[in-house]
């Protein structure tokens, strides 16, 4: 069984801020959002976690190994460097979707995402060190077979992007509905999924589903470890094995 | 008629770089990509352009007002600060998709995106100053009606994200196929589209399509100007009018 | 005659902010300060200006070619991305020190640097386009002869640093007192000075002074142009000439 | 007794890189240097260390608690994100200057700072966990009495800066020669010193020296702890005590 600790990161009252007193320049908002994401990648990543940008105003992190103090320090570091603050909801579950559901409820119970008085909430119980195991996190790293040859070097860039997006939309829905896994586009033709304990057949059936649904051919490397970073690096190496041996699903 | 100048930005030989000599840490790749995007937002934005992150290894910019020297300087500034370089293809057309198509061909003709010898290409003819008008760029800024009340404060964050993504996937495909417009998710519940000369009925029909297709309710503000930044800011103000007057399509 | 436009950049009420409600973590302050400087380097630099970090909470920029709107946009961009705001005082004079003096007075007249109510001041008259010439800005780029061979590869790093600092302290004082030039350490063994119209003898005598005063041997390349960036790049090329021809003072 | 672990950070072959194939734009170099410093502040800071920018191409860090793997990871993270790489020399000693001296020798023995073939060196033995104590690091945080009232709000900014620099130059030399402490200007009117075990009288005599030497009046808070961050935060609190009680030297 996996035991994934999920943290929901929510920028406090962000929507209203972006249009007060009048709409802020889009280039500055894009810069703010992408740098905040970069900084959170480093802040969580330096503690072996993974962050996904999702909608940028709400981001989702896998945080096994980070305790309440680590979360508080990250919250403080953001408020020291940005014009906005963040709230954090934390929860652990064998089922990543259920973990995120409860993490989300922690914040919803504290107030609306657009409540100016609800700032820097930190709720939920990080996993105790004693309860952690070397198999808590399962990460799957998908990419598209020969995306450069078939899309990037052939189609106009927007049509390449539509192909990738279609593959992503199909996979994310299937993984969510059939396996309670959370899948995130991470750039290029790469998708990283945070999964419960799934076996090779389950991944093969997800890949079959996407090919049948939208005609996009994926392969996947899977890793499992104590932290997101270790599991994710194993998944990358497994994906390299797929590439060299022309296989579709590899575990490491 | 619009006359949109589009620049395709492609990181040179990025895929191979990310796994050579072995896979690089994901947190560093995420940091690199999102900071490069933030810097390009500023580099183009300081010259009145807009950049969209798209797939991060390929980004699409609206660059009316930027000449070849501006493009070369941006290319140089990236190579001075990053471990990777970028190639740029530029083209102008009344039809944004056609502009991007030709911009893409400029790079494809120079070699593959994964050709280590094809670096820092700069091809295409920016629009001459004498040919520019105050109506060259049409930008539409969509958002989801009451996304916070209906999704963020109600659903778990991943299911909110799925709703937003579904709305985006439906809109991007419709705009591309029916109008040759290019639509980009920019965070939260916001989508910015680079459009040919579309009228209010066309936008209303796009909104109707998304509601019927996936049940997501959008509204849109539209601006038109000499540069992406001016058109985009007008679009934001028009969207504020939608919000205050509870309308669905507003021009400014 | 030169005609240097100087902008004083002051973080509003920064000292109190760093210790309220209690002292903020130093690593975050260092990150904030150095990133703000990097962003200002780009914001002014994309408009052909130069910024020097000076004390970080007060920075000095050479801004020929930037008008009031450019300054206002930079001010807005900072407030959109940082937890702090900046005030700007602008002034032009043949004498750089006098320009900075008046620019400083603009801010002092508006209130104390630690007055919480004095924020985002923008005062002073940028140089009218019609009054600009191709000789407005004179930039001198100094470095230490064979700093790597004599210091970096021989002494412990702190003692190398002390040598460089001594050279800088001596030069900055001499240039200020004898020539009303403003000299800034910019990293490594490099000092960039914003100068009035000085000739080769004047630079040679500054170099002689530093050698006699503290035993540090400098050379200098000098450029003159319409903007800081063009003058600064000419100065760098002139310094390369010194390096190749083993001369001490070169103009370009 | 203290036991300070010092890391010398040196950008590999940086001088030649800045002028190859011809001089790079100064704004990009400034951006690169200050962002690299900001990133190192976070990378070391997330592990309880402190970094000082010194000359930017050479930086000095206090790294008690960081082992060889931490150093290697920071080195890798820089090479993943920057066009330059860094070498690291590490050493521990009761005497900070001696620690830095040996750390410097580690790099000098591996080759010149301008040897293109000497890259990503990592040498020296981090302090074993078993040998660490709660008194290993002593940090002193100095600032100038009423710098805003006496300088910033009165003098032109450059003359304020000269005053602060004079105070710094005097203190850095005295601390180095009399106490083997390493002092770093960190912005505003702040100087942070990494010290051996010094008592209150020693700090008072340093402050007296600077007042007599250059007429600048300092005060200081001192902290002592297992890591730079904890000692530095104690020093800040002690300095706040000086401020409230109008004292000159406080320990915490």
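Just so it is clear, A, B, C and D label the chains in written order, and each chain counts residues from 1 on its own.
Just so it is clear, a residue touches a chain if its C-beta (ideal position, glycine included) is under 8 Å from a C-beta of that chain, and two chains touch if they have at least 3 such contacts.
All of these numbers come straight from a predicted model, not from anything done at the bench.
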{"item": "Centroid-based (C-alpha) most distant chain relative to chain D", "value": "B"}
{"item": "Copies chain B and chain A - interface residue numbers shared by over half, same or different", "value": "same"}
{"item": "Between B-D and A-D, the pair joined by more C-beta contacts", "value": "B-D"}
{"item": "Chain A and chain B: spacing of chain centres that average the CA atoms, whole Å", "value": "22"}
{"item": "Gap in Å, rounded to a whole number, between the CA centres of chain D and chain A", "value": "36"}
{"item": "Chain centre separation (chain B, chain D; CA means) in Å", "value": "43"}
{"item": "Chain B, residues touching no fewer than two other chains", "value": "25, 28-29, 31, 35, 42, 46"}
{"item": "In the complex with chain B, residue positions of chain D that touch it", "value": "24-25, 28-29, 31-32, 35, 76-77, 79-83"}
{"item": "Residues on chain B engaged by chain C in the complex (per definition of touch)", "value": "39, 42-43, 46-47"}
{"item": "Interfacial residue positions of chain C with respect to chain D in the complex", "value": "8, 10, 14-15, 18-19, 22-23, 25-31, 33-35, 37-38, 41-42, 44-46, 50-51, 53-58, 60, 97, 100-101, 103-105, 108, 112-114, 148-149, 152-162, 164-166, 169, 172-173, 176, 182, 186-189, 192, 229, 232-233, 236-237, 239-240"}
